[in-house]
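The structures come next, written out as structure tokens.
First chain A sits with chain B, and in the next complex the same chain sits with chain C.
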Partner chain A sequence: MRAAATFSGAFTALVALPARAIEPVMRGAQKILGIKRMPWVFLFPNLAAVLFFSLLPVFINIFYSATGSDRLYPADRPYVGAANYETLFECGSYLDPSTCSRDLFWRALGNTLIFVPVQVAAMIGIALFTAICLNRDIRGRGFFRGIFFFPVMLSPVVVALTWQWILQRNGALNGLLTALGLTPVNWLVFPNSAFFWSVFVTVWAHMGFFTIILLAGLQSIPRDVYEAAKMDAANPWRVFTRITLPMLKPTLLVVFILCVIRSVQTFDELYVLTGGGPGSATILIVQYIYEIGFAIQPRNFGLAAAASLLLGAVLLVFTLIQLRLARGKSYD
Partner chain B sequence: MTELTARTAQSSILQFLTRRRGRVRADWTDWLTYAYLFLGLAVMFAPVLWVVLSSFKAPVNLAEFPPTFLPYAAETVTVEGFDEPLSLYEVTTEDGETRQLAQIRRVGLNAQMIDPANPGAGRLVVPVADAKPVRSIFFTWQHYTRLLSASGSDLWLFVYNSLFITIVATAITVIMNSMAAFALSKYRFKGNTLALIAILMTLMIPPTVVLVPIYLIVAQLGLVGNLWGVILPTVATPTGVFLLRQYMLTIPDELIEAARMDHASEWRIYWRIILPLSAPALAVVAIFSILSRWNDFLLPLVVLNRREVFTLQLALASFQDENQIHYDQLLAMTTLTALPLAFAFIFLQRYIASGIASTGIK
Partner chain C sequence: MKLTAILSNTAFGLVMTATAHAQEVTIYCDDIGFGCKTMAPVAERFNEEHPGKTVKLETVSYQTVVEALPVQLESGEGPDAAIITDLGGLSRYYVDLTPYVDAANFEKEFGQTLQWLRGTDGKSKAINGMPTSLTVNGAYVNLTLFEQAGVSVPEEGATWDEWAEAARKVAEATNTEFPMEMDRSGHRFASFAISHGAELVDEEGNPVVDDGLHAAIDTFVEWHKNGTMPLDLWGAVGGSTHRELFEDFLNANVVFYFGGSWTLSRMDTEVGDLFEWAVVDTPCGPSSCTAMPGGGALVGFKHTPHPELVGEYIDYVAQQENYKEIIAAAVEIPAATSLIEEGVDYPTASERTQVALRTFMDQIPKMAPAAYRFQGWRYQRAMMNALTTRISQVINDELTVEAALERIRQDVELAIQAAEAK
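Up next, the complex of A and B:
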């Protein structure tokens, strides 16, 4: 707790300086506008930032998706209607990406459609099992919780480079396999193994986050329910399916939605770990948006905007469900 | 007798290890739990330990396969008559005897060696296949000293950029979000709910979706390749406002009334009363802001397009663009980048865990 006190002390000092500078401005504002309008003064910076960097961009995005050419400034861009969307969806056969005019988009879409269910299932399964283990009356609980959680703190770049160092041709994993008498594999060179490790590494990095939420959910289940089950000599599996799962359902739902929202947006780790490769085996939708809008010349902002609006529509559905779920929950 | 005491001692150790609150003995589910947790320990922690250990290896040691667990370095000896220290080899002679010899130079498949204990005996010619280098555990700091020296790399520049973005963005985030939260929790005014909804609506607009227009706005402001171009788009966080508002609602209004009686300005009420009382919630918001700004990647990748404004994360990722990955420096830099947060985590674990559990923000 002393560390926390030092932290907040340092932070107060950091914030005190700008606050002192703002004070005369706010005092003047109160004199001119009166106390009734002060809440708007307090709200102004935040609302301006929200307007400028969140709401306005949505409209610009819609505008971009309806205009063509590689020019950045809206005034220079000719109106093309739904052409960008048509380009994205122009396919000879929807099952064969190579017949599409934007085959990379279809590969990214296909990869995302496989990646998300697999990753979400693995993530929630492993996080749930871990949370149940950590919720037991065991020694070193705090230590193990820290161990499972700390990768959440690591930056995606650090995570990716760490695993790349392990999975490379002369890496630790192949060293281990050789020691066990098995043949080394060039993990990130083959599409299937690269895809497997993409899922593995992202689960490794983020499972601690969901474990913490699930653990909080488990701890809110009253103890006496379990005591009663023990009286009835119920076996562990029955306790899990009849008590733990039903009582954890609200938390599981929140975790599921959060996990999907994040999984769909996976970018950083894979961009550094595989770069979307080999070929296009691990390119996901956000990386496609980045590639088409910023990396591949000429930059195609129109297609990138169209693709991100499609992504946004999918995310919107899940976020609305999340907000609906959260409404029943008290924040204390 | 001895056997009996041994057995009771053994069983008491077992009892001590398996002793627990409530129940007397551990059952099979406990063993399964421990087995899983120790497997988890290996899978979660070993990769990071491996990178840290590798960062202390000399380039020769890094390049070998299969890799060694600990860093090793070849041992050297100084032999009379040679200016440079010679590396030591363990040589198996034809009659099966092993001797330690110092290598002078390699000639094809043979090596010229000399006995360091008896340099007068002259040079010996030994087949390379029979000689194995003598090595001992050695942690080299060479990658770190090279990275940290001002001339060797731009590390300090990247550290400065990352720190600047993290600190400035977090300070602005905390002040701006708490100001908005103060207005939304302590005043009754027309448009209160509307403003809250407008802010919360941005929850539905993830930054990845509006990447292109944010780039346009940053470009219009002339901030491409400028650290402020990464700071400004990220400072208004809806979850921060929401968390702080919910916390401030629990602060009694009487305090504010009393301060108004004393003619305190609204800013003074916010700054002197509300902020100090919201410290726990502010800490959560600050920690999450620091975390996400320090680790941010996609927006800096798009906006910070010159090496002089790279953050640590961008600099790390850019090691890859070159044809050959220089793992020696990369590993040391990875360790240095991960270290501050790992250190902070030990102290702030409780705050972080409670923040995640109550709001699901990151």
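Up next, the complex of A and C:
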């Protein structure tokens, strides 16, 4: 006990040393800046990190989007103004990608606009259902929570390769169908089934993460509210719609926004699973940006930067909506 | 104290002197064929014979060479040398090694292929490195299935259509899943297209989209529609993604597989005597019986502080006995003229594989000038990416052949325009 106290005292003294050392500096800063500006001094390290790692890349991206050539060094890149944006937007009709100069950009955008709502709805619906099941007093609850979370820990490439082995022509699923006397299907060859499996695989891979958040939300709902409902003989559907859902709203909002952002950013699983095919049926906007900027040679950094800034703008809109919805809400 | 000071000063001086004189260069290579593994004995011998000079081979994945290396080079970083496959596309990063190598020997041995490394500069006489091996696109055929079906194997000079017809008959008679397959690769398709009369690039380095390409796409799409080729490769995959299904040939699921010489080493280890197979002469199109040449090159980069050591090492590798040793271990086709003429013994390869290698080598004189021109073109990859992307769209009814041709032309022109923006 005495040893622990001695250790604790020594540790406190050790930690206090640098604090004492910078105290005169902080006092000096306070004298110069005044006490009201002192919070900025404390915020500075984090602000600097955000500026360096988040804002600086955005400005670099803006620069690249306004320059041409396949050279990397800014000095080697000629200024082209809005040419990259003009190339992206050069279209006969925005509803018909085949009339656009960069038809694959518009196809990717169209696919993303279909993929995101379908995937987000499936993701939230299934994650909510799973969370409600896991919140009940079922046998092996801990085991099932682990099982549902397990895919989240896998690398996206591992997820995609695993599902490719399951879904390919001679894969496990067709093996099972054949064993059952059914006709095998070449799942990834047809646009609709490839799109379905793209949604399925991404939901399978990320659902566990959202399930955990929703489970935490469910567990924060006071039990006495449910007990009161039980005393009033409310049926399960009424309990779900009148108690669970309203009280889960803040968590659902966070899950919704995170889910939308992740969905728009979907890339690795589909790149490995379908490569954007068949044809261009599952090419999403991030794959388009990757291919233009890094896979196709000569690399068109300018066009990729312009497309990624447009994607950033879309994500910014979603974030602002979230802020707007979250503001002024009281959940007490 | 005094003694300590004297000792530490002496040690420091020795280290600094050694550092000043020691030269070390790093070479990136992958582990397939002519790569780090097969080059290692030669590199070790070089290091032993050249005290104070060290060549360090660093094994990296092929993906690193294709995707990460160009970005490193663009930022003036990366290894001193590497084995690369985008010969023309990276030409602006190469160092001229002419003063450090036996230039006359290089011209004699590698003449035609050295031009691929010079990119768009047709007048250049620079020696930027040495081609490591030649790869040749080609067709593998399952002879056992032909025998079981009682169909005779088409002879040299048979056309693509004749091969397709024969493969269809064999597949039908033997209940084989598919008659023909081709890697999803613009390079493989280029063989088919050039044999149908496509030019792909003209003498001035401009992209060409012509009737030959139209005819090739027409036939190719038709083969996907009528089941001659499976949709798994060109149909199911999108974008510029490279995809192979050589496993189908190894598992006797396909009669005829159009791939390349680099997969030969897998035949001995994975097929052995399970079935009879052969590499056959490249099928002919209306224009020629060409395959596409390809292969890697060991090149030095401009930013290296030791170009003389890079040159000295490459010259050492190019010496016939060293080069022969590596090629034999890699079981690949030599790029050096003298070895093509005199032949190479491959002690680790089976008789069947050696026959297959000779068949691949026999295709070299039949290669069309357009094939060589396309291989050395700086924008070859832009064309190959456009071909894979757009042909897959036609197979999936997203584009007509005419629209795809227009897109291919537009894609390549936009790529060139973006790369050459001033």
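By our rule, the second predicted complex is superposed on the first by the 263 of 332 C-alpha atoms of A that agree within 3 Å, B and C clash if a C-alpha of one lies under 4 Å from a C-alpha of the other, contacts with A are read in each partner's own complex, and residues count from 1 in each chain.
Here, a contact is a pair of C-beta atoms (placed from the backbone, for glycine too) under 8 Å apart; a residue touches a chain by one contact, two chains touch by 3 or more.
Here the structure is a predicted model, which is why all the values come from computation and not from measurement.
Q: If we overlay the two complexes on their shared chain A, which of chain B and chain C does A:Val118 touch? Say first, second, both or neither.
A: It touches nothing on chain B or chain C.
Q: Just checking: does A:Met247 make contact with chain B only, chain C only, both, or neither of them? Give me first, second, both or neither.
A: Neither: A:Met247 stays clear of chain B and chain C.
Q: Contact-wise, after the overlay, does A:Ala281 reach chain B, chain C, both or neither (first, second, both, neither)?
A: Touch status of A:Ala281: second partner only.
Q: Applying the document's definition of touch, where does A:Ile221 land relative to chain B and chain C: first, second, both, or neither?
A: So A:Ile221 meets neither chain B nor chain C here.
Q: Could you say whether A:Ile60 touches chain B, chain C, both of them, or neither, answering first, second, both or neither?
A: first
Q: Quick check for you: in the superposed arrangement, does A:Phe294 touch first (chain B), second (chain C), both or neither?
A: both
Q: By the touch definition at the top of the document, which applies to A:Ile261: first (chain B), second (chain C), both, or neither?
A: In the superposition, A:Ile261 contacts chain B only.
Q: After the superposition on A, what does A:Ala229 contact: first (chain B), second (chain C), both or neither?
A: Once the two structures are laid over each other on A, A:Ala229 reaches no partner at all.
Q: Look at A:Leu72 in the shared chain and tell me whether it touches chain B only, chain C only, both, or neither; answer first, second, both or neither.
A: After superposing on A, A:Leu72 lies in contact with both chain B and chain C.
Q: On chain A, which stretch or stretches are contacted by chain B in one complex as well as by chain C in the other?
A: The answer is residues 72-73, 170, 271, 275, 294 of chain A.
Q: So in the complex, the part of chain A that touches chain C is made up of which residues?
A: It comes out as residues 67-73, 78, 80, 87, 98, 101, 103-104, 168-170, 186, 188-189, 191, 194, 271, 274-283, 287, 291, 294-300, 302-303.
Q: Which residues of chain A touch chain B in the complex?
A: Within the complex, chain A contacts chain B at residues 3-4, 7-8, 11, 14-15, 18-19, 22-23, 26-27, 30, 35-36, 38-40, 42-43, 45-47, 49-58, 60-61, 64, 72-74, 129-130, 133-134, 136-138, 140, 144-158, 161-163, 165-166, 170-172, 174-175, 178-179, 204, 209, 212-213, 215-216, 236, 254, 258, 261, 265, 267-268, 271-272, 275, 286, 289-290, 293-294, 301, 304-305, 308-309, 311-312, 315-316, 319-320, 323, 331-332.
Q: For the complex, which residues does chain B have touching chain A?
A: Residues 20-22, 29-30, 33-34, 36-37, 40-41, 43-45, 47-48, 50-51, 54, 63-67, 167, 171-172, 174-177, 179-180, 182-184, 187, 189, 191-192, 195, 198-206, 208-217, 219-220, 232-236, 238, 241-243, 246, 265-268, 270-271, 279, 282-283, 286, 291, 294-295, 297-298, 301-302, 313, 316-317, 319-320, 327, 330-331, 334, 337-338, 341-342, 344-349, 351-353, 356-360, 362 of chain B touch chain A in their complex.
Q: What part of chain C is in contact with chain A in the complex they form?
A: Interface residues on chain C, with respect to chain A: 67, 70-71, 74-75, 86, 89, 230-232, 235-241, 243, 253, 379, 381-382, 385, 389, 392-393, 395-399, 403, 407, 410, 414-416, 418-422.
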